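Following this message is one structure expressed as structure tokens.
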Amino acid sequence: MDLDLSPGEAAFRDEVRAWLAAALPARIRDKVRAQKRLTKADHEAWHALLAGRGWLCLHWPRALGGAGFTPVQKHIFEAEMVAADAPRIVPFGPNMLGPVLIEFGTAAQKAHCLPRILSGADWWCQGYSEPGAGSDLASLATRAVREGDHYIVNGQKTWTTLGHHANAMFALVRTDPAAPKPQQGISFLLIDMASPGVEVRPIVTLDGEHEVNEVWLTDVRVPVENLVGRENDGWTVAKYLLGFERTGLAGTAFSRQGFEHLKRIARIEQADGRPLAEDPAFSLRMAEVEIDLMAMDVFNLRMVSAANAGEAIGPEASLIKIKGTELRQRITDLLRRAVGPYAMPFVPEAFDEGYNDAPIGPGHAAPLARQYFNMRKLSIYGGSNEIQKNIVAKTMLGL
Amino acid sequence: MEFTLSEERRMLAETAARYLRERYPLELRHANAARAEGFSPAQWREMAELGLVAALLPPEAGGLGGAGADIALVFEHLGRALVVEPFLATGVLGATPLWRLGGPEAGALLESAAAGATLLALAHGEPEGRYAPAHVATTAREGAAGWRLAGRKAVVLNGDAAARLVVSARVSGALTDEDGLALFLVEAGAPGLTRRGYGTVEGGRAAEITLEDCPAAPLGAPGTAFPVIEEVLARACLALSAEVLGLAETAKGITLEHMRTRKQFGRPIGQFQALQHRMVEMVLEIEQLRSAVMLAAARLGAPRRERERAVSAAKNLAGRVGRLVAEECIQIHGGIGMTWEHALPHYAKRLVMIDHLFGDSDHHLARFRDLGMAG
Amino acid sequence: MDLDLSPGEAAFRDEVRAWLAAALPARIRDKVRAQKRLTKADHEAWHALLAGRGWLCLHWPRALGGAGFTPVQKHIFEAEMVAADAPRIVPFGPNMLGPVLIEFGTAAQKAHCLPRILSGADWWCQGYSEPGAGSDLASLATRAVREGDHYIVNGQKTWTTLGHHANAMFALVRTDPAAPKPQQGISFLLIDMASPGVEVRPIVTLDGEHEVNEVWLTDVRVPVENLVGRENDGWTVAKYLLGFERTGLAGTAFSRQGFEHLKRIARIEQADGRPLAEDPAFSLRMAEVEIDLMAMDVFNLRMVSAANAGEAIGPEASLIKIKGTELRQRITDLLRRAVGPYAMPFVPEAFDEGYNDAPIGPGHAAPLARQYFNMRKLSIYGGSNEIQKNIVAKTMLGL
Amino acid sequence: MEFTLSEERRMLAETAARYLRERYPLELRHANAARAEGFSPAQWREMAELGLVAALLPPEAGGLGGAGADIALVFEHLGRALVVEPFLATGVLGATPLWRLGGPEAGALLESAAAGATLLALAHGEPEGRYAPAHVATTAREGAAGWRLAGRKAVVLNGDAAARLVVSARVSGALTDEDGLALFLVEAGAPGLTRRGYGTVEGGRAAEITLEDCPAAPLGAPGTAFPVIEEVLARACLALSAEVLGLAETAKGITLEHMRTRKQFGRPIGQFQALQHRMVEMVLEIEQLRSAVMLAAARLGAPRRERERAVSAAKNLAGRVGRLVAEECIQIHGGIGMTWEHALPHYAKRLVMIDHLFGDSDHHLARFRDLGMAG
């Protein structure tokens, strides 16, 4: 038993760290650090740099242009990315569709799509959720009817993250409404967002930001060769992808970064004539979070290590998702509280590049309340924490 | 023991409820909040004409109420409708010092404030002061031309729209001494006064204020203002705790409606026992808050320590319950509870952000403890 | 709106307080204060004193020998009893069976039973719970079969508090197993514990104490005149009684007493060179409990006041039960923690009258861990807190 | 990174698991606890012969292990079976000072202790000391006839049955100074030593000890013992945290079985979602504790601050998780979970009472914080 990095792992970490220090443009890093808005071009520029180093598509085999990382390497890489204030990799192409195509795609699909993910030619988005199907994915209602060489797709997708940047969508659609079980009769389609009948409408979230969208599909014609896997077997594809999506859901690197930020702020903020970090009550709240975070880190490493040894990660991933998201939320809660009344001011334009007015109150205060509210999503998306508890109760506890 | 409302208060409650139900839909609230002033001057006047500002003040200050129960009642209703008009800034924070410390201008100003004609604000908190009630670095000096103030004031609620500002300053003593504080009345257009207004996270307005050799008229005898400052903050904390109660009631109602209608896995999510039990825990905490608000309202006229303990208890619970209700209601809603077009998240934001005003739950917990030890 | 006692209420409180100060034997008071075991004779002696003052049967009308208290008076009386370290009134006869008989009993039942409750001739126990029917009372299985002028009763009751002292039991039994709903077909019977076939077996609880029992009923013959209410209509009787049982479930007087005790102990116990009451963390835990207790007090008064005005107390009683029991449990938890390592020693004989050895550690420490564990029952009995939540969700929230 | 057990530890785990499964049913545990010694000397010897005591000590102290991972492994298994035998008192609290501070007798004593032949105890805590690790009022004076101790020791685990006691005393300094402490070896039959043994709430044994002019042999140089005391307590806290993990595992298993079989309202209570979710939260916290125990075990040999932070983190979590698991499992069981004849409440009692040994969750939270600030 050894919780520390092996010499080889440490060398890999150093390599990643050195590359990030050299390659990540300061302009982008500063925006991430200040929690400013990233443009589409920012993301694309960063993807291109990663792709150039071979580190954009982490799970993919090297032969296909991926990084071919082991789970441990991927864990180390992602932690370094967060620590370096690099933008996260927009996951839809590299982390989600890519692995699906490698597993289920036709030779033509792979040949066409994978290089375009690597090159940034395609920006994919995910068409899963629907207004009537939140946590209950199997109840989705978007219909695809076969007409000759095309599916005619009608329906509505929602929570489509960065869909306004995307030129392509992978979607779950219902191809057999008469199937005996709701999970059956679903298919996995690739949809060109430029097709007639695709309409993207912004969803403004409670913090006033536009990151997610509704996508309306009206008589959209999708060539049958864009079916991934077999018709009516989309649930199998989706489950495979959900499995991929679940690794790394703990977000311990974000929690660690958030906690370090909290420590910095708590040393600056004053309460009753001393730094907040020395306030008897606040310091204990911080200590409790730090203990939970230390334990969470090891819990996460246990999973990463098991994955590295080739073990399947079962409902433990759900436990990690629950605790990891709760922890991140608790940290954003403490961050907000740390700045006292200066959590109140809200100047939306301050998050744009080039805004240079003096901040209201301390510079670190501006994004904190916004972040706290935005991060409520963590316990909702990726399978709400309630759904994760149902999964654990059923599959792990046999209840 | 007697828990029923007096006839006057029942009428006041009905007036407030009817107006807000009929004239204050949420879309209008958003439109009001989006105005440059951060509220609708017209609706503010209407509500003042209905007596909702006067209810916050006692008859001797030109008001029609002014007891703890009046404040609690009005602010619970304002919370239910998520009102952004400047009741707190004008009717509580600005008016209380005028009532308590009088001065030549006070009577006319209070009358005008209660009628909705003059907006007031309290410029007390400072950039480094956090929630400490006696932290005042702003200085007041008396010269040949009268009193002059110098300093910075932080997060002054509705400070950009106010016509008159009540400003705290120090005439003697160290940074956090209770002795040596004074309150002054400052004209919005006074030379040396700079205001930088901004919106707040939940849709209100506030301002950073800089005073440089700014002329000011003292309220009461300079140096002895702390007890009044403490009373002003007590009334504000009661008002905000009652507002949380009203906000929580509406958030609960919205969420229960969602639970009855939203289906997942073939049935309304309100049938899932885990959500039911969490909802019950929320309801229970709301009832606890209601009780704490009643207690603080009843003790607002009590001797200092008893008043402050009851007020800190209420504000502590308001912080805890506000956060619980906000987080749980969003979670039960799922993604839709995070969208701008839905009513819930706007309630959630106000529920949480009130904790940042005049002492958060931790501040009031420690204060409640310290007040207990003193006695 | 006035949260304080009216002059009349204050006068009543003073009267109760004065009487308790004069009437409660010091020997009994000291046992209660030190949490020593009370004997059957202690209870009987105290009941006799209360009965002599007319204050044993609080809900009963005066014409029947009761106190005829209003809900507010009952609340004040019970708070004074707790504050005076008086033993609580053993509720089965005075608070539970008495009101049931007054509402549903025959003239003969009332004439026979009520005076014997007042005189202490009968010690009643409650035969509701069964091993297979905990929170699910309607599933009870004890059978009563009519044979001529008797019911023949077979079954097993459990959690029978102080059943080993009782000479009589009121019980719910199933008289019609074929009834369409489980709540139907149940009857309410009065059973003489001296009847052949009644066997009382002790249940020792986790703290090593014997307070509850199993009662085995084997071919017990119960005269039909001992039926209360109509045959198969026992559920109506039981619900009426449960309604009575629920008032006062908050136990705020006990919580207040426990909190005052905690304050005393926290001023004595030392932590890091100062009283525990001044410890930055522990004092905040105490403050939070005190705030919740202050709110709970008002919440409870709201219910008492509503009852006084003749309003029916609905699911709010469930809310009060949940919060009241949680608070009492939190206070016993802090009490246990307050004494540090001296929560460990356990000398069972120290709780007997006449034990005079020096205590292990401070005298206040001995009962605290035992009390903490014993008080886990609060959230279980009287309708578990989970059941209460179900009730609130259904009847108050319409879910 | 490497999370798999070594071959030796896998065998140790199997040995412990098999013995406890086959030879240590709960009825026997209760019978052992009810003996005058508070445990079964025969079973203690058997377990020692299997190497379970030796596993707690390094080879240089006559042991077969002694690393954090060994301690965690043994105590997790002891917790699973609710073992009352004096592993902690002899194998950790008593043996560690002998190993660290040597002395002429140490080698033979450690060998005898590891073989189950000699019982040890640590008499360190004092009546007023609560959890402060350096609070020692007991004095040591060197006279013509050697060292003599005077003072009182509180809640000495298995102090009544131990043949030798390791006793802390002060040779200089103020009451809570870290400097000036010493450890001594005292014979159980030494003149001036009085022991008052008693049972503890969860079924163990402890003693109050009075020393009056009691002869004692110093371990190491008197005055410099604090680092060893701290290390002893660190090892004990790791052991207890691992024991909580084992206890929690069994309590969870018992409760899951109950949830699968106990029916209410016509179905197993495990089908009620509110209980399912609470159970999942419990499982999650147990996994957190497992991780914290692993971390503390891995850091037991690290520099002081790193070791102490990891140990305090584990003990803090053990306190929180122990209480949660105890309370939730009893609640899910209902009344049956409060009866002596059921297994669960005995686990619940130990789960809670461990928080009273060597620092509760609050103590270790503050300690963790203070250690962090220092660095």
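Remarks
The first chain written gets the first letter, and so on, giving A, B, C and D; residue counts start at 1 in each chain.
The rule we apply is simple: contacts are C-beta pairs under 8 Å (C-beta built on N, C-alpha and C of every residue); 3 or more make two chains touch, one makes a residue touch a chain.
Chain by chain, the UniProt names read as follows: A, B, C, D = Acyl-CoA dehydrogenase family protein.
Quick caveat: nothing in here was measured; it's all calculated off a predicted structure.
For the interfaces A-C and C-D, the C-beta contact count is higher for C-D. Greatest Cα centroid separation from subunit D: this falls to B. Here the spacing of subunit A and subunit C, counted between their Cα centres, is 54 Å. Between subunit C and subunit D the centroid-to-centroid distance comes to 38 Å (mean Cα coordinates, whole Å). Each chain gets a centre from the mean of its Cα atoms; for subunit B and subunit C, those two points are 43 Å apart.
Across the assembly, subunit C contributes residues 281, 284, 386, 389 that each touch 2 or more other chains.
Looking at subunit B, residues 272-274, 276-277, 365-366 sit in touch with two or more other chains. Looking at the complex, you find that subunit D touches subunit C at residues 125, 127-128, 130-132, 154-155, 176, 196, 198-201, 204, 206, 208, 263-266, 272, 274-275, 323, 327, 330-331, 334-336, 338-341, 345-346, 348-349, 352-353, 355-357, 360, 362, 365-366. Partner subunit D is touched in their complex by these residues of subunit A: 1-6, 9, 72, 277-278, 283-284, 286-288, 290-292, 294-299, 301-302, 304-306, 308-309, 316, 319, 322-323, 386, 389-390, 392-393, 396-399.
Only residues 129, 132, 134-136, 139, 158-159, 203-206, 208, 269-273, 281-282, 285, 333, 336-337, 340-347, 360-361, 369-370, 372-373, 376-377, 379-381, 384-386, 389 of subunit A touch subunit B when the two sit together in their complex.
If you check the complex, the residues on subunit C that touch subunit A are 280-281, 284. Taken in their complex, subunit B has these residues touching subunit D: 272-274, 276-277.
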